[in-house]
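Below is one structure, written out as structure tokens; the observations come after it.
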Amino acid sequence: MLEKVKDWSDEFYESFKPIAMGFVNEAEKCLQCGKCTGQCPAAAVTPSYNPRKIIRDLVFGNVKRVLSSVELWQCFFCSGCYSVCPMDINFPFFVFMFRLAAMNEGYGWEDVKQLEGYAEKSYLKDGITVSTFERNPYVLDTVGDIGKIRAEAGLPPERKVSARGVAEINMISDLSGMTAFMKQIGGVELLDCKSCTDEQAKRCKRKPMPSKVGKVKTHYRFYNYGEPGGKKHAQAG
Amino acid sequence: MRLKIDEDGIRTMVEQSIGKSLTSCLQCSKCGGGCVHSEEFDLTPRQVVESLLDCQDGKVLDSRMIWLCGRSCSACQAVCPVGLPLNEIMAVLREEAGRRGIEPKYEKPSMIYYKFEHCAKHQEEGEASESSTGRETQPA
Amino acid sequence: MAKKTLIIGGGIAGITAAQKIAQNGGTALLIEKEGHLGGNFAKLTYTFPVLADAKGIVTREIKTAEELAGIEILPRTTLESCRGEAGNFTVELGTPSGRRTEQVAAIVVAAGFHYMEPTAYTEYAYGRSAKVVTSLEFEKMAAEGRLPQGPARVVFVHCVGSRDKAKGYRYCSKICCSYSAKHAIMLKQANPEAKAYVFYIDIRALGKGYEEFIREAMEKYNVRYIRGRVAKVIESGDKLLVRAEDSLIGNPVEVEADLVVLASAMEPPQGSRALAGILGIATDEYGFFREAEANVRPCHSSKEGIFLAGSCTQPMEIAAAVAMGGLAASEALILSR
Amino acid sequence: MPRLDKVAQIPKPEQIFFFKSCVASNKYPGIEACGTESLRLLGVEPVESEEQTCCGGFVTFANVAAPTASMPAVARNLSLAEEKNLDTCVVCNGCWTFLNEFGHFMNHNEEVKASVNMMLNMMGRSYEGSGQVFHIAELFYRLKDDIAKKVKRPLAGVRAATHYGCHYLGGGKYSAIDDAQMPSYMEELIELMGGTVVPYTANRECCGTGFTQIINGKDLSLEHTQRKLDSVREADPDLLIVQCPYCHSQLDRVQQQLNFRQGTDYQTPVLHIAQLVGMALGVPEGKLAFAAHISGRKRLEEVWDRVGR
Amino acid sequence: MAENFMEEYGQETSREAAERTLSYFRELFSLEMPLGRMMKMMPGMVKFAMHGKDTRVDLLKFVPQMMPMMKAAVSGKREG
């Protein structure tokens, strides 16, 4: 689609660099050589994800396009782009920072909402992000009780973080604003999957996105870096 | 999507019908810059040529570009510095697409992304593992 | 009797400088650390942009130099020390038959360049797979007639070591674009059935006839140019998988190849910093000799009486090296009269 | 080739702070048990702490936590090792990158370090940045001579393929002990213990977890893992050796999911390098906790028969 | 596609989004300790102190270090 260069914010990158705590730098050195995309696992399986284009838009200040894009949320965080980059650009950090910025603009909350449980229910409660809980029935049948296996391996049946440790990370969370941040994410009202009927589940497939998360209006995301293609997306449209 | 570069595609056929080699394309982007359809592009004319050279037949024939272009307009052709008959190329591609039974794509696509995976009931039995806590959902 | 001029390096720039000095009534002392003259030029099969017989040209030039009365050629000789000032240097040479001291009026440094060994580029499988070669090795293969036969696919990779802050040098090696096109044409001429793919970032064909040369490779010889730096080369059975992005369509692509040719960067000559130390001249951050003034005095080093010629100052093509050799010779002649 | 100068810099420790990983503890306890046990057998005493929590990498890079929360969390975990004056040993690539990168970042940014320390002071801790973080595979490579001497169950006839994991090699471009593109230390270790290394095409490919993609973009994730598994199956190794519990979980569990979804038959047992070393060093069977593994159990039994229980 | 896009965006440009983003990050990564931010931290500290005896002891040890910061924050606000 036709873009007006005058709408781009050409000072954006320069002013962003100093306040990004060193997480975003060296992008101005990008040669646009495409080595990153060549080895990218996400680019190999998605139709339009392309780290090179995102870096280009960042440097040129086409922020709107980056923030509203679906592609921003398709990164695998594998750091392969950083490892091959001839100019040492640490692109995964860019994605990390831009996802935050996108959430500030109201994009991508439905993704993060799914992950919020890990922080709230596991990390802050037990001090461990991944719990012993297993929801795959096949795995449950095969493995059985993980506590028993742990005991056989000579470990305590459950790994416990001391109460003091949990209290400390809770304070870090409170003091650094993480708890407040999570409350904001938690604001998305989703159907309660435990109690929903089949009828509701069917509706859920076509359920529109919540219009607000906390104080931020949520937006749709777009395929901004190319046509998605394929049958699946044609139906979605 | 990672593409595999092939050798024998419709490139030869296109080159024969226009009587010119596609390799002369400079990839200068002059064609796409002035096109009236730039709002609705998936591929620009330049990318069509590049894809043809890479023999990505499926990608070209499935694109909307070949259907949008060539309607009594030859802006791209007029500015092309090496004089590639882009209109003719698109016409040849449309013909080929018709021959292969690919439906014309004139309608505008929606580029909005939908996503509804938050309900455990949609996940079939035996596939919800991902080393996750997933406490908000119960085991099926 | 005019005073002598010492010329360090017997590549094409050094040979030209020696010829010009001798032809204009001077005396030149040409030292070369290898056993034979010709330098990197002698390793080539063809020149570009005109595909001329490189070996023939070098042999002709060496013969001319050897026949001229005013040139003394000392192979397997290195410079040991250097004292004095412009017009009156005392140099000590290490020859196979022992040390030798000479009085010279001027010194021309034509130490040439070195092809980088891309061992740091493990992603390109160089050194691991016999099917990944550098351009220099490709030249050798071409000269010995070992180019792949039948419908083979050959991938040429630009900018290996050049334009790379992380593992190589930040400068552009200037000639890789042209010589890769030359190699692709050589391949196509030797084996029209073969397919050639060239992965480039920018095509830098700055010179008379270079752009036409590369377009000819694309249009006449049907060499496929793909814009994108190769990300990795994977060994898969007896084939190689080359992964890169075609950044003109924005998709990652994969090519199955039988041979991968890496256009490795032009490095400063080995030991250039030591040589600069002996001579007392300055080098730049990479180890190339620094010129006094880049634009109008390109062949003056930072020390008076010592002149630079050829690719020991910056990556350059043959024509420029020859021109610079002539310029250095004329500057040296001024001092030796 | 491993960068031997870097390996030489790793001290041979008497004691080391053993940093437990969430996935390793709660999904594959064998990794944790074998890690401590084999370190002990090699003469290194692992020191654990009850107060050590998750490294915080997951919640940070899943964008659930504000990044300001992750620096103090990293500093707190590192300060636990500093209190004991020890270096840290991790079993997970994610922990390794996260602790290393953010620790490095704090060490080079005095202002941030001061503000982090202020928060730590409130709970009676402080962070100096004196300790180093090593991956357990690095330590094994450092102690490879000891391993060679102490092998009890030689892995003769065991064909193993390797998977390094992106967060060690990609994220640790300058700090990993091996080349980011073509590492070989794990192969060396396997051969040292008597096994055979099976090369396969997708060796350096990502496992496909894609950090959060396995939850958010499952299709992408499974598609990528399938490519990897296809390549592994072509080479048909007895074991697939990984060095990251998260890759371990993905490669192990997705095999079953793909078999369920598409009727394929992927059955390659996946083992963590700590488990493999533990196996070779003669750690008792229960401690290896193979009961927690899902794919390729039959094949694993065959391997057991070959090396002897 | 373009229409879809405009419908959602309106006439908003990248410049405006960039300004919002920059101010968001400025606030997020600010290392300063104004009074407002300090007050926000109070509930967390209280919660920590309520946890047990040892936490209270540790937190009390920190008080002397905190007082000058509090003073600076309060006076800074008055000056501003």
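The letters A, B, C, D and E name the chains in turn, as written, and every chain counts its residues from 1.
The rule we apply is simple: a contact is a pair of C-beta atoms (placed from the backbone, for glycine too) under 8 Å apart; a residue touches a chain by one contact, two chains touch by 3 or more.
By chain, UniProt protein names: A = 4Fe-4S ferredoxin iron-sulfur binding domain-containing protein; B = Alpha-helical ferredoxin; C = CoB--CoM heterodisulfide reductase iron-sulfur subunit A; D = CoB--CoM heterodisulfide reductase subunit B.
Everything numeric here is computed off the predicted structure, so don't read it as measured data.
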Most distant chain from chain B (Alpha-helical ferredoxin), judged by the mean position of its C-alpha atoms: E
Chain whose average C-alpha position is farthest from chain C's own: E
Chain C and chain E: spacing of chain centres that average the CA atoms, whole Å: 59
Distance between the centres, which are taken as Cα means, of chain C and chain A, whole angstrom: 49
For chain C paired with chain D, centre-to-centre distance based on mean C-alpha positions, whole Å: 46
Sites on chain E at which at least two other chains make contact: 1-2, 4-5, 8, 28-29, 45, 48, 55
For chain A, residues contacting two or more additional chains: 1-2, 21, 43-46, 84, 88, 100, 111, 114, 118, 129-131, 136, 138-139, 164, 168, 171, 173, 175, 177, 220, 222, 226
For chain D, residues that touch 2 or more chains besides their own: 23, 27, 66-68, 112, 122-123, 173, 181, 215-216, 253, 256-257, 260
Interfacial residue positions of chain C with respect to chain B (Alpha-helical ferredoxin) in the complex: 195, 197, 215, 218-219, 222, 224, 226-227, 243, 246, 248-256
In the complex with chain D, residue positions of chain C that touch it: 121-123, 125, 128, 166, 232, 234-236, 241
In the complex, chain A residues that touch chain B (Alpha-helical ferredoxin): 1-2, 43-47, 70, 110-111, 113-114, 117-118, 121-122, 129-131, 133-140, 190-191, 193-194, 196, 198, 201, 204-207, 220-224, 226-229, 234, 236-237
Touch list for chain E against partner chain D, complex: 28-29, 31, 45, 48, 55, 57-59, 61-62, 65, 69
Touching residues (chain side chain A, partner chain E) in the complex: 1-2, 4, 7-9, 11-12, 15-16, 19-21, 61-65, 67-68, 97, 100-101, 104-105, 163-164, 167-168, 170-171, 173-175, 177, 179-180, 219-220, 222
